[in-house]
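As structure tokens, here come the structures.
One chain, subunit A, appears in both complexes that follow, with subunit B as partner in the first and subunit C in the second.
On to the complex of A and B.
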């Protein structure tokens, strides 16, 4: 019985042989609106068609069957590519579901056997479609995680303001991971540039809580151990009041209202004198 | 002050399960505080208090939820948030509320600091029965 139905399923996929695969490719190409190379699509779907026929011949009953491993591998590849190329989950699943549509003509004047085989294949294809969506989502999640990590790196520049003076402008919400990255980068930059003055500018930070404060304090202590002095600049009135109410003590830490004031201080400490030339209006 | 919401003021409930949730909650409290027209200083205080309590819920309470929304009593309007967990609870509340006391590696200023940052602060806890902290900031 099982053997028979397998023969029927295989038969279904072999009805028009190469013509079936070609129709499948055409159907999918239309649904993707020419945003994918036909040659690439042709290769993908013909391979999938061949593998699926083979799997069914060997008696695969659903997407999880042992015999489906080759199909799953090809489908994983296809879904990953779609996710990377920016196609939607529906467009990805369509690549599978289109095969059902292409097979519909066999239902016309089809025997009871054929109809049963079509329905059974339909269920298998539904499973494969869901599998494609799952793989797609997984790939998307991986992409987002990678981008978040990259953003973490990108959004924390350490800039050299002067010989021996570096600064980190902090912008946005600081969570633990980001603060940690910034602080490590700052300490590394002190070493790399041989700077002795560092300015941490928090003008763009909306809130400083105990965790952020603790990271700041630890960094300042670590910088000191490395022989460098830190200045915190850009503390807005509302953050100053919040810090006081929280009870955080910034004792012994130099703070300045603006980055400009902090730079002036850092330059003076490094022995740079700034002189306004006579006759130059400031 | 168990549930600060009056009729027709349904709070939003947010999960506190990962550190990313704390960031999300700060943003939600910011939006509420702006909507309620809290002053910039009061917005920052409320956001910071919420940040402290959300992280305590996560770190010590093993995760939980926060319900946040607007409240109005006798014509006064404000932003309220209730942080709840079913963690170990706090056995010595006085000690936990002491500036500088921490059982972890923190500054020990979260709870006591949060109380100073808001207008209303209520802590309900029992050993083995979790912790609930309610805070409100009123529009001046």
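On to the complex of A and C.
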């Protein structure tokens, strides 16, 4: 019995053979509005069509059947490509669902057998469509995660201001993950450059709460343990008020209003004297 | 027999270089040896180089503070040099800030620090 229905399904897909695949490609190409090369689409869908027919011949009953592994692999690749190229989830799923529409004509003067086969194939195609959407979402999530990581790297440069003086200009909201990155980068930079003075500039940080302060303190203590002195600069009037209102104590840590002041102090500490020449217009 | 860490003398300074991860007994031995050597050599400075140390626990962290306190009683200054970033982060996460211990990035800077007269913090 099962064997028979499998043959029916294969038969359905084999009706008009290559013709069916061609109209499938046409249908999908229309729905994607020419944003993908027809040659590429043709190759993708023909491969999928062949694999699906093979899987059904071997008696696959749904998406998760073992015989479907080839189909799943092809579909995964297709969804991944769509996600990367910026197609929407429905456009991705349409690639599968279009096959149902293409098959519709066989219903017109088909026997009861054909209709039953069509319905069964429909169920399988629904499963495949959902699978495509799932893969699509997964790929999108991966993209977002990678981008977040890249953003993290971008937003925490360590710059060398002078021999033995480095600075980290922080821009944007600080959270635990970011502070961890800042801490590691700063400490590594201290070792790499042999700097004894570090400046953490928080001009670009919109708000400081107890948690952020805690993270800053940890970074500064860690730098001190390694033998470097840390100054916090760029504290705006509002942030100064918040710090006092929250009762945060920066015990034994030098804070300066501007990066210039912090640099001056760092230079003085490392034994550099700055002399302003007389008669030079400033 | 647990290993003992050699204590070297340069002028009035004792240099201890920790080359392997420390066991509790080794730490206790070091503490003892160092106190003896400071008195015997009438040293004025102690440098503990931990640049080869990759793993620390709270015990080692406390040892550093204790050694510094012992030397202070014997009128010698202690400088811990060459702490790795990962080690520093671990100590901070453990809540050990080593309040009374001076630190320096490497041995050279540590020696320079000891040769300077006790400088009051510059602000």
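Criterion: the second predicted complex is superposed on the first by the 282 of 282 C-alpha atoms of A that agree within 3 Å, B and C clash if a C-alpha of one lies under 4 Å from a C-alpha of the other, contacts with A are read in each partner's own complex, and residues count from 1 in each chain.
Assume a contact is a pair of C-beta atoms (placed from the backbone, for glycine too) under 8 Å apart; a residue touches a chain by one contact, two chains touch by 3 or more.
Being a predicted model, the structure only gives us computed values, none of them experimental.
Participant: Tell me the contact category for A:66 with respect to subunit B and subunit C: first, second, both or neither.
Facilitator: Neither partner.
Participant: A:173 contacts which: subunit B (first), subunit C (second), both, neither?
Facilitator: A:173: touches subunit B, not subunit C.
Participant: Now for A:206: first (subunit B), second (subunit C), both, or neither, which partner does it touch?
Facilitator: first
Participant: Could you tell me if A:192 is touching subunit B, subunit C, both of them or neither one (first, second, both, neither)?
Facilitator: neither
Participant: Scan A:40 for contacts with subunit B and subunit C and give back first, second, both or neither.
Facilitator: In the superposed model, A:40 contacts neither subunit B nor subunit C.
Participant: On the A-aligned overlay, A:134 touches which partner chain: subunit B = first, subunit C = second, or both, or neither?
Facilitator: neither
Participant: So in the complex, which bits of subunit C are touching subunit A?
Facilitator: Spelled out, the residues of subunit C in touch with subunit A are 80-81, 83-85, 87-89, 91-93, 97-98, 102-106, 109-110, 122-123.
Participant: Within their complex, state which residues of subunit B touch subunit A.
Facilitator: Residues 19-20, 22-23, 26-27, 30, 40-41, 43-45, 47-48, 51-52, 55, 99, 106-107, 109-110, 112-114, 116-117.
Participant: Which residues, counting only subunit A, touch subunit B once they are in their complex?
Facilitator: For this pair, the touching residues of subunit A are 173, 175-177, 206-211, 213-214, 237-239, 241-242, 245-248.
Participant: Inside the complex, what are the residues of subunit A that reach subunit C?
Facilitator: 183-184, 187-188, 190-191, 194-196, 218, 221-228, 254, 265, 268-269
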